[in-house]
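Next up: some structures, all given as structure tokens.
Below are two complexes that have chain A in common, paired first with chain B and then with chain C.
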Partner chain A sequence: MEPQHYKDLYDILAHAQGYIFPNEIDLQWGILIVVYPFITGLVAGAFILASLERVFKVTILKATYQIALLTALSFLLVATLPLISHLSQPQRAYEIMITPHSSSAMAIFGFVYLWYLMVVLLLEIWFDYRHSMVLWSQEKKGVMKWVYKILCLGVTDISPRTLSWDKKLGYIITIIGIPSAFILHGYVGFIFGSIKANPWWSTPLMPIIFLFSAMVSGISLVLLVYMVISRIRKIAIDLSVLDSIGKYLFFVLILDFTLEGLDQIHRIYEANESFEILKLLVSGKLYLTLFVSQGLIGTIIPLITLAFLQFYRGRIKLRKTLYFIVGMLVLVGVYSMRWNVVIGGQLFSKSFSGFTSFKVGLIGLDGTLMAAFWLILPFGILAFLLWLLPPWKMAPEED
Partner chain B sequence: MKFYLPPQISRLAIAFAVFITLFLVARHFLVPETFGQYGHYRGASLDDNAMPVIHFSGQQACLDCHQDIEDLKLQGPHKGIHCETCHGPGQAHVVSGEAKDIFKPSGREFCGNCHSSNAAKKKETIHQVNMSTKNPGKNCTECHNPHQPWKVKK
Partner chain C sequence: MESEKVRSSRRKFLKSAATLAGATIGYSWLKSTQFLVHGAEPEDKSLPWYGIVIDIEKCIGCGNCAKACKNENDVPKEPFFFRNWVEQYTVKNDGSVIIESPNGGIDGFKQSVPDDEIFKSYFVPKMCNHCAKSPCIQVCPVGATYDSPEGVVLIDEKYCIGCRYCVQACPYGCRFIHPVKKVANKCTLCYHRLKKNLAPACFEVCPTGARMYGNLRDKNSELVKFLKTHTTQVLRPNLNTGSKLYYNALSSEVK
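Up next is the complex of A and B:
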């Protein structure tokens, strides 16, 4: 008799090349773990764009300030769900918060996340919207009246003095918020960068690279959301807004590209014992997602296009279209970057002598449809938030 | 100047106090009863882990009845390989002692799992043979005793 496990073993061995250890056949971290840093990055990036407006008083970007904050919130609410749905015991997920261990990077992340959600993002939005929410609660009838009353926690005082405090406190939150956003996403990079057994991940540059790619993706997302919202509301897209976001995107993308290049050059020059296998990895299994998708489509083409848009002041329609395409390409590039890190780091054997392979399933808790669901859900939440807290119906600012 | 506390601050302080209290209350009820019994984990998880059906018995269990094979194995290069590495999970057989409950490997591919030449495997770690030129058509066990491969029958 030949037991099933031997048959399975033969099937599985067909996925491996060269020599790998038994526990490396299956990838423990699948597509949902790719989606998680992607979403967290969008949050941090969108928030940092909003903060730029506020701290450096970039008046042009006012139009996108609330959009950026609400986008950050919609994605932040979903950020942990891919992780939770990846667990085999999701009903126990909350235990990480109630019995955290200080040596667990993931447990501490729970608190970083909570801090960012409760103290930074919600508060900043609250201070920003309180005046309007009070006005809406006076205008509206029925349920909505009460919804807004509850949302402003019953603080209905809109005397100039109190309103000026909204501004001051909101500003303080923004100042706290910038390092918090850096920590939130730097932390995601840290979780990978601190895995010392994995030469593809283990580099102190990882948090910084993650942070800059986060900014790149968040800025692109806000750019796209702004364009789509304007389309839906049938108002003209303000080209100066696009130019201004595009300028930031251009500079941050250059920094991001430089940092990632630095990381690779360092790896190549150092050429330690893992180098041979990593060279095979990037020239083989990661070729498409690294060089084509992340490098060419996600970085080089957007960089050239953005450089061109810096001085090209010609046809408006063309410029708008180019910005839209650049935004999409950058998102594809950053998604590929997450893929290359998460999946790439698990494809080669720690014996440095072989590879396993990865196939994403379509269905199932760890499949493509699930990942797509977590990526689409935030847009639903965003639509709801924009309906509940429409930036274009806010109380006018009086300075 | 009189001290002025903006209403937002006092209201938010209350909201946060409520939130933190709720968290602590929830925590009180949600922390599993046996948490911390032995260390920073749920003590009852040890029982959970003991529940799954046992498939592997470990080599020691085989020796009650097959000490002869172990004695033979100890003389040869396979001495470091435990019975269940080749014979698969043996707990059912340990209990029943019946032949049908244990896997008896056969065929050239079986030895090839470990010995077929593979450029990525280090030569010092394991001896490798080219499966297509090594005595083709013959089963490895016709010449090698699997428990003591150097007892070669010619």
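Up next is the complex of A and C:
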């Protein structure tokens, strides 16, 4: 262990409030574990938005369908990395796949992840892009010709009958994908919600809360990505797309807010043995991140703005700006929510008699810079995917 | 042409085969759902099934147990890593409770509350509860932490991936990540000593005999006799961890 870490621990010990078990001074899950549910949430949310278009035939969202899928894939590819880099024995990470312990919620992650990546996302994107990839492999020259040829996996038949099969199979995968996305992120909530030792985590609502906050964050991310891509491509942002995404965001945010409110009301009304310590937690160490960042900035302001945008049909530029701001605020709010769950759940002692504090370093494998890297990397992957598989150059759909 | 007899015996065969297959699948399905009910007693009944008693009335807060544990088990000396430690509880006249455990009690205790403000004060030694339904074993994603046949909760250091989920799952704060080995660490009830018929280090050094361990299966053991004749309690009974660490004279302030 680095000397700096010891120095930090002595510092935390000197400033601990009340009594905490001696082993609790060293906070176990840091910023990387905040990033992990944030990223998987973005994946699940983006995918669910894409599925809306496909399953419920929301044609207006067609413009964001591929963007949402590729965004989900970019983030999914990174989702495990903060987890693995947080392990103190990362070279043994594969054990989780080859000898999973059946009673552990965490053990199933590898399988849920692989299922989602291989069976849902990659297949759906492949079926969606196959026609275009075949055409691109015929048009392009040099290396790219071969890249697309390889991506087609040798299936180059683009007869109308085969294409209609692509569509059908893609549809089936979307149907499978929706519950899979629910499982992927609901399950992340279960990792926390099933820890009975921790009253801040232990609630059956946790998977559902995680799921709805995931949808909120994923929808916001796709909204932002769509706006940024349109700006980069110098094409007009379709306001009806924003309105449509905004409407979904509004409704899901209401549900999310209601669920989280219900969770808190339930805690307050039941007021069991952990109530006093949790009350001190939210009014003290979590005040800024819970009430200000998650509640006000990430939920109340976006809700009011989105409600306003439901009937305001005035200045286009203002509406676009507001949507952009709402998207950013919601992401800040959901990130804060992950922080409040992960870090907040470790700040109070399981003796219910005191608090430790969290000191995040800048450098190191679990420092802020590393966390920022894992959050930025998916955007790099997304840029690459959008270059490789540009949705705007796809073969026109034949009905 | 098949005779009616052949056809009927074939039907019978198919029927019984289907029943057998169905029963096998059904049984294996049931068996596989057993993981939901975590923590059964190990099957080998010939081995002892260890339980622990700590008599709070006898503890004088000398901290020998915590010190001996660190020495015996190569636990880092910094005050953030303990397999066992002692807490001092002071209930003041106004009802407030002060809990302290400076360096786990290894260097002894000083009473910070003036005598005339004290309603009562006592020491509580803490260690792994060696739960029969351990939340830490339940959550380990690779099965690196497990029950020994004697019901002692152990960790395979060569197998632990260091995910820290077990540290989160233990309601008693008994686990930590070893700063040198970089894997989870906790009390093993000095398993290496138990196997040589030696008492765990903390039991060995306790000057007042406040600690007792023994075979819960042996109805004539000192431990079982003590449990029969005293009102004991486990920590956080509401969590149903199947704790095998019983406290005598446990006060409600202790979590």
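In the analysis below, the second predicted complex is superposed on the first by the 386 of 399 C-alpha atoms of A that agree within 3 Å, B and C clash if a C-alpha of one lies under 4 Å from a C-alpha of the other, contacts with A are read in each partner's own complex, and residues count from 1 in each chain.
Throughout what follows, a contact is a pair of C-beta atoms (placed from the backbone, for glycine too) under 8 Å apart; a residue touches a chain by one contact, two chains touch by 3 or more.
Everything numeric here is computed off the predicted structure, so don't read it as measured data.
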Overlaying on chain A: chain B and chain C, fit or clash?
-> clash
Who touches more of chain A, chain B or chain C?
-> C
Just chain B (first), just chain C (second), both, or neither: which does A:K317 touch?
-> neither
Just chain B (first), just chain C (second), both, or neither: which does A:A93 touch?
-> second
Just chain B (first), just chain C (second), both, or neither: which does A:H101 touch?
-> both
Touching A:M118, do we find chain B (first), chain C (second), both, or neither?
-> first
Looking at the overlay, what does A:Q28 touch: chain B (first), chain C (second), both, or neither?
-> second
Kindly classify A:Y19 by the partners it touches after superposition: chain B alone (first), chain C alone (second), both, or neither?
-> both
Name the contact category of A:W165: first (chain B only), second (chain C only), both, or neither.
-> first
Which holds for A:S353: it touches chain B only (first), chain C only (second), both, or neither?
-> both
Which superposed partner A:G154 touches (first chain B, second chain C, both, neither) | first
Overlap of the chain B and chain C interfaces on chain A comprises residues 1, 6, 18-19, 95, 99, 101, 351, 353-354
In the complex, chain A touches chain C at residues 1, 6, 9, 13, 18-26, 28-29, 86-90, 92-93, 95-96, 99-107, 109, 191, 194-198, 273, 345-346, 349-354
Where on chain A does chain B make contact in their complex?
-> 1-3, 5-6, 17-19, 94-95, 98-99, 101, 118, 123, 127, 130, 153-155, 157, 162, 165-166, 169, 351, 353-354
Mind listing the chain C positions that touch chain A in their complex?
-> 32, 35-36, 38, 78-82, 85, 87, 97-101, 104, 126, 135, 137-144, 159-165, 167-177, 179-180, 182-183, 238-239, 255
Counting only contacts in the complex, chain B reaches chain A at residues 6-9, 11-12, 15-16, 19, 26-27, 30-32, 35, 40, 88-89, 100, 103, 118-122
